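We call the chains A, B, C and D, going by the order they appear; numbering starts again at 1 in every chain.
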Amino acid sequence: MYIYVDDLWVILHGKVYDLTYFLPEHPGGQKIILKYAGKDATSAFEPIHPIDIITRLLPAEVCMGSIDPAALKGATKEESEEDKLIRIAREKMPRLEEMYNSFDFESVAKRVMKPDAWAYYSSGADDEISMRENHNAFHRIWLRPRVMVDVKHVDMSTTMLGCPASFPLYITATALGKLGHPEGEKVLTRAAGKTGIIQMIPTLASCSFDEMVDARLDKQNQWLQLYVNEDRNITKHLVQHAEARGIKGLFITADAPQLGRREKDMRQKYANEAPDEITRSEMSMTRNEGAARAISTFIDPALNWSDIPWFQSITKMPILIKGVQCAEDAVLAAKYGCQGVVLSNHGGRQLDFAPSSIEILAEVMETLKREGLDKNFEVYIDGGIRRGSDIFKAIALGAKGVGIGRPALFAMSSYGDAGVERLISLFQNELEMCMRLMGTPTIKDIKPEMVDIRNIKDHFVANPTDYLAAGAYERMQPRGGIISKL
Amino acid sequence: MYIYVDDLWVILHGKVYDLTYFLPEHPGGQKIILKYAGKDATSAFEPIHPIDIITRLLPAEVCMGSIDPAALKGATKEESEEDKLIRIAREKMPRLEEMYNSFDFESVAKRVMKPDAWAYYSSGADDEISMRENHNAFHRIWLRPRVMVDVKHVDMSTTMLGCPASFPLYITATALGKLGHPEGEKVLTRAAGKTGIIQMIPTLASCSFDEMVDARLDKQNQWLQLYVNEDRNITKHLVQHAEARGIKGLFITADAPQLGRREKDMRQKYANEAPDEITRSEMSMTRNEGAARAISTFIDPALNWSDIPWFQSITKMPILIKGVQCAEDAVLAAKYGCQGVVLSNHGGRQLDFAPSSIEILAEVMETLKREGLDKNFEVYIDGGIRRGSDIFKAIALGAKGVGIGRPALFAMSSYGDAGVERLISLFQNELEMCMRLMGTPTIKDIKPEMVDIRNIKDHFVANPTDYLAAGAYERMQPRGGIISKL
Amino acid sequence: MYIYVDDLWVILHGKVYDLTYFLPEHPGGQKIILKYAGKDATSAFEPIHPIDIITRLLPAEVCMGSIDPAALKGATKEESEEDKLIRIAREKMPRLEEMYNSFDFESVAKRVMKPDAWAYYSSGADDEISMRENHNAFHRIWLRPRVMVDVKHVDMSTTMLGCPASFPLYITATALGKLGHPEGEKVLTRAAGKTGIIQMIPTLASCSFDEMVDARLDKQNQWLQLYVNEDRNITKHLVQHAEARGIKGLFITADAPQLGRREKDMRQKYANEAPDEITRSEMSMTRNEGAARAISTFIDPALNWSDIPWFQSITKMPILIKGVQCAEDAVLAAKYGCQGVVLSNHGGRQLDFAPSSIEILAEVMETLKREGLDKNFEVYIDGGIRRGSDIFKAIALGAKGVGIGRPALFAMSSYGDAGVERLISLFQNELEMCMRLMGTPTIKDIKPEMVDIRNIKDHFVANPTDYLAAGAYERMQPRGGIISKL
Amino acid sequence: MYIYVDDLWVILHGKVYDLTYFLPEHPGGQKIILKYAGKDATSAFEPIHPIDIITRLLPAEVCMGSIDPAALKGATKEESEEDKLIRIAREKMPRLEEMYNSFDFESVAKRVMKPDAWAYYSSGADDEISMRENHNAFHRIWLRPRVMVDVKHVDMSTTMLGCPASFPLYITATALGKLGHPEGEKVLTRAAGKTGIIQMIPTLASCSFDEMVDARLDKQNQWLQLYVNEDRNITKHLVQHAEARGIKGLFITADAPQLGRREKDMRQKYANEAPDEITRSEMSMTRNEGAARAISTFIDPALNWSDIPWFQSITKMPILIKGVQCAEDAVLAAKYGCQGVVLSNHGGRQLDFAPSSIEILAEVMETLKREGLDKNFEVYIDGGIRRGSDIFKAIALGAKGVGIGRPALFAMSSYGDAGVERLISLFQNELEMCMRLMGTPTIKDIKPEMVDIRNIKDHFVANPTDYLAAGAYERMQPRGGIISKL
């Protein structure tokens, strides 16, 4: 199905842009732009794009001039039923002090976020097996605590890529922060600063890069996550600007040559746009169209190991590959002179049945050691970290640090700055407790033999249930159960 | 219990047939014929039999002449309550664009199909363990993605038995297509043609063989699934006619010397026929009767390896054995000069606890290789393929292609041609995504080491639940849960 | 707590018995006798005891004379609410032809049996883990079917201890048949006769031994299950009488030196007897009392291997030990000159966490073979057989035959003779189907390599559920699910 | 957040205490004291503290004098809604004879206990994985029964640290008994005495040490659990006083240098104190505050192996380390001259994912044996013992005895003395049954080869559920299921 468009403009922040020629290039698909053709698209644009994205990426001539916002219709709108329910839910939110763990934030966020924001943050690829596996895999690792150790003083501080941190946690890069909070990723920057941890700035942030850098405290450290553009000049400019602004590490994302299928997100978008008769490009009937969309110029699917020397030529920042998912690629990263890798399956949002990072951490460390590549090479993981003990397990298996994504977004979306700070404190308290009870007063006391990884690689799929046998069986009930009928 | 019948005729398509002598031979049992004795049986006959079956299989003298349809009573009938519910469900069907995966089609089909059609398509043998295991087994296989590979261009095309295909999927043979759609298997033929994949024509189709061949496009390839008749002349005629009409492969079904027990289907039939007082032959009390029914002349239970040379003598088509379920039989097929095998447990419809094809694929390929029999020998699998990653896993383990059965039937039964086309496109998009994210731009880049099959042969049966302990335990709840009471 | 009783009589079948001295010896506990002190106990006595038990086991002088039944009060009684519900349920029972498997019978039985009878038949020891494991364990065994074998004729006949049988199934010994059917075990005798299988007569039948023998057909074979009495003369008389009446095998029960704790049964009894203020002896506070009850004179807890020669001296029947649960004891049985063993955990009614018989069958056969003891030594199993494929699996692993207990009781309790016959036919049809689809036309074609027992010894206990993570996760739903709201 | 307090007093048992300087030291946090500032705190104080704790631990001058209770307001209070519900539940409690196992007591306790008491007793660390794992792990161990053994007489008696016991069970130390019963731990003392088992006295009892010692019978044996105070003089006095009063063993707790996070308990406390605006110290935002609270002077987090000789110098009691969780620490305990260890994860209340004691028992015994340290060294376990077979399994793997905690508390909280006695009798009856059916007439007959521990170390975490596939599947139903609609 072809759509012929000869004049397409939209209003953003009081300016009129002609997007006729940009339309087929839009990474988010043509449909959403067409929806706002000839209208003010600011409310849809803002949570998803940094304010400077158009001037950075499009030629100046697309801007056709200014328009008086007052002249736009629909300036005041009534509260929708959905907005009302969300407002009531927000008014009944538990007090922040009642949040005891990351799941509490997730549960509250589910209630108080807009459905499309929730769908975007919470969804994963296909059947969301990898997404859930990410935390589940930690449950296959058990601890081997040591007792009768002096643990009066527990010191959780560490360094990551030479940057000091209050404990080995960082906030990893996630896109579209303004979907969850009007101030977007700056909230994360401030909370990271207050709690002494590192933030990894995302390429696809809602805030501009400079806004996030400007929001940081003195001595606060930041890294940069990079989607490599097909136009290497854009990438070069971004990298060198980052280095100039004091970014301490460059994380090249390698696991997203095409953006994953996230069906919940697709359904939510479909629901929003149901009256629109245009076939969604993601689901178009012919293969070529689908591929065309996916291989946008924003994320170069041709990126490969031979590009590494070029990166090394344009920056002195440590270069790490983010999204490594097997030992072989960690070895390659080391051989290509990278300073490390992030083991990650992109929060289970890209390829379903990709293994969890904690599962492959052990094989990666063992292989690096066997090949003599484990010196001056740092391994990070992200995905599924929800408890202090998860951090402990990762450190024990050799990680230098761990990143959290969704938990920070959920805390931000529900309680803003204070929420993210509390979330980080909870992780810190849990890790301190864990280290004390494990008999490990410092990070370097944490050893591989303190975790039992016998089942780490096992994927237990239950036999199909024998419903006839189960249905015929009468379950036992504790005698006290009768009381419950009161 | 014996039934004495001395004069039994039925009306089909306006002709009267004397089935007195055919009665004991009917593969579907005597009961259904007796139900329509002396009546017009067209509506029951049509979804199950190709139009030419009587002239092909019975002597000409059984046709006693024509009858004027107008003379038949009950020509107009009111809409039944069941039909009305199905009609309403069909009217409320989601739009096709909302179908994002094969499960969506299955769910819609369950709502909009007639109960007996649903029961026939969806049921499996005994406790339906193998039927469900077929897809579950893929969940025991995890991926090992490679990153930093140039995957700008992904080429999924392949050949199977020398026939080109847009990607390594084919529609396998399934019986009684008109139960789900008035045009039956022709719908599948057309959709396969449009999407560039191969269709395997079933022996027990509702459409006639020639109808399915006539429906194909230029250059579209078809294979033939064969139930071997006790009367080898019938089989010989069928095979040679198929070859003459350009069929490219002969798949001899080996897993159905007796048709499986499918209890849901049995119950549905029983419900339909409840007033009938004749004991169902399937459930007859004495063993001999049951066996007599099962060993019909339509599928020869005596078929064995020594029959292979005869097949080789009557056709030049590649001959494959469909329904192989262990390495030993794959080896025998190769030694008998077959061109390949289909690993299959018949969709879990025959023998419960037969292993899934994906489980035995690894052992089959390893054994063939060890015996030097893997050259010029193609291995296919069917059963449980529901995602593009399932196709990837099968290819990685050595399959040349995979067949889908029920998903195509459900898509056909709910949305007809467009449904099947969309289903195939979804599989294709999912496989393309998977190949790109796995770092495998072509089919031949897909390697065994890219799948983790550590648990592929494990069948995890959970210990019986400790209901007393579980019942006494009070589950943890995320704090946000209180919000959910709003 | 001590109870002083100086004159205790009850009426049974119109006779008055003085049970004062027998009271402490009663295997069922004193309480139930005290409940009927001075009353007509026939209705409670009959379903549990063979009619001749008093004359066989107690001295003649306990009978004090006859009483005119008409003189007894309460001769007519109104239908209780419970009886009424059961009567209605029986009237709405599905037709027998709708019973397709053993679970159907169990489900119907649960609805139409008296609660105390259901509790007695269906309950198991402690948490009923072993009881359920018995069938579950078969699910850990998967089949390896062979195809392209001539299976036109399937012959399931076999011999067990030299007795011919239509297929390798027998009805094992279970107690108290009249709880389920007014004619008790005779129903099982007749159904076994009609279907050509063997019945094992229980020591604790509701019918007398001679009633069960008299009910058999010509050439029908029976075995005897034996609880060994502390008074060996009673045992000797029973054994020699059995041999004289043509019993073909003696199965000495070894797994019940004390009768198991079955809590559902205990609760049901408690509910029945709630007004009674006497502390239940089973649950008495001091250990000694409890032990005293358990170690009744009816089942000698001192029975041990050194008793075997004595049994060999009093009978020429083959002697088998029933209730063997490990390879070591099977070896001992062979070394002591027994003709075989029954691997059994007593239907999971004795010791919870005793392994299923199918699990230990493999280790037993392997050990016997290694020690050269597998000739002229037959191994049977019972427990958890619910499908024809279960029989196949047992035969493949070396069993000579398998016994069913509860399924026969449930079929008997719901549909009487016809129910048991149909149940056996279903097992036979399922086994025939299984043998045909496995490519094994006769029993001796069934081989160990046809079953995959990789996980047979694994007991998979799921990690405790992570309720916070599970509760925060929003489940995926197929799109068709919306239709279900119609 | 800082609170400035310059004059803080509370009333306890009619006396006024100035706690101004003690406030920051209070192990239970400052908040609870502040809540009762200037009020009578007796009702909150009593269930948690032994009556002598203030005089033992605080200087005499904090007591400011007496006050007339009648002068206190609120002497009579109406029954709250919650109290009323609990009273009704207690009135409807099942009779004690209906309690058949430890789960029954737990279920009743859940209904009849005050929510805060239930929350304190029943909660575990973090996700309560270890807490539940403790009993679940026993389900991974299966039995290998021996038959044909003379088990007429079963003797369960044993000795532990030289103390005779009726069977190898003891009541382990648990805190705050008066939360569950007004007489607190004395109930446990009396029940242990009556049933001939040993009680381990807790440091943090609600009753004073001497009350518990005074409550014991002649020849009844008691042990002492010890939290080591930072002030070793307090510890020395406690230990020497215990020895003087005839305590037979000293169990130094090593697994609690910081008290665990128990979220249910935290939520319950929060609910109780919701109006209070003071941030809970446990959840305070800065790490230092949290640590300060945790590292109270009551439990010295600096305790380590080098302290052992000092303990050996102040007492002749056997010294055991309680809370050992791996083989290495058991070896260290032996090398430091301890008389044994208790393998324990503190009932899953300290560190989540700490392994169950039964899991590590096998590795501990094997290592001790290999190092020649298993003589004169006794190994105990606690955690998750709920059935007699659990005791059997522990003994088989080498434990000298097992401790129960929560089951005794639940029995005490629901039925007082009689409840605890019955609970212990149930354990004893179950163990006797188990020993008889295992063919082990005495404790020393119980051997390691009688348990199958193949899966003891496996932690099976199920793959994430495939909800789409599960949702599309239509479950099989037994035919009898239709009856259930009656």
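Operating definition for what follows: contacts are C-beta pairs under 8 Å (C-beta built on N, C-alpha and C of every residue); 3 or more make two chains touch, one makes a residue touch a chain.
Given the structure is predicted, the values throughout are model-derived calculations rather than measurements.
> Could you check which of B-D, A-C or A-D has the same interface as A-B, with more than half of the contact pairs identical by residue number?
Repeat of the A-B interface: A-D.
> Over half of the interface residue numbers used by both chain C and chain D, so same, or under half, so different?
Different residues, largely: of all residue numbers at this interface, under half are found in both copies.
> By CA centroid distance, what chain is farthest from chain A?
So the chain farthest away from chain A turns out to be C.
> Can you give the rotation angle that fits chain A onto its twin chain D by Cα atoms, in degrees and rounded to the nearest 5?
Rotation angle between the two copies comes out at 90 degrees.
> If you average the CA atoms of chain B and of chain C, how many Å lie between those two points?
Spacing between the chain centres: roughly 41 Å.
> What is the distance in Å between the mean C-alpha positions of chain B and chain D?
Inter-chain centre distance comes to 59 Å.
> Quick one: which residues in chain A touch 2 or more of the other chains?
Each of 98, 100-101, 103-104, 106-107, 110, 127-129, 132, 136, 139-140, 263, 267, 458-463, 466-469, 471-472, 476, 478-481 in chain A touches at least two other chains.
> Using the touch definition up top, name the residues of chain A that touch chain C in the complex.
Against chain C, chain A makes touches at 101, 103-104, 106-107, 110, 122, 127-128, 132, 135-136, 139-140, 263-264, 267, 386, 460, 463, 466, 468-469, 471-474, 476, 479.
> In the complex formed with chain D, which residues of chain C make contact?
By the definition above, chain C touches chain D via 85, 88-89, 92-94, 98-101, 103-112, 126-127, 129, 254-255, 257-258, 260-261, 263, 266-267, 270, 279-280, 283, 285-287, 290-291, 294-295, 300-305, 321, 323-326, 328-329, 332, 345, 350-355, 457-464, 466-469, 475-478, 480-481.
> In their complex, what parts of chain B are in touch with chain A?
Counting only chain B, the residues touching chain A are 97-98, 100-101, 127-129, 131-133, 136-137, 139-152, 154, 156, 166, 387, 389, 421-422, 425-426, 428-430, 432-434, 436-438, 452, 454-455, 458-462, 465, 467-468, 471-472, 478-484, 486.
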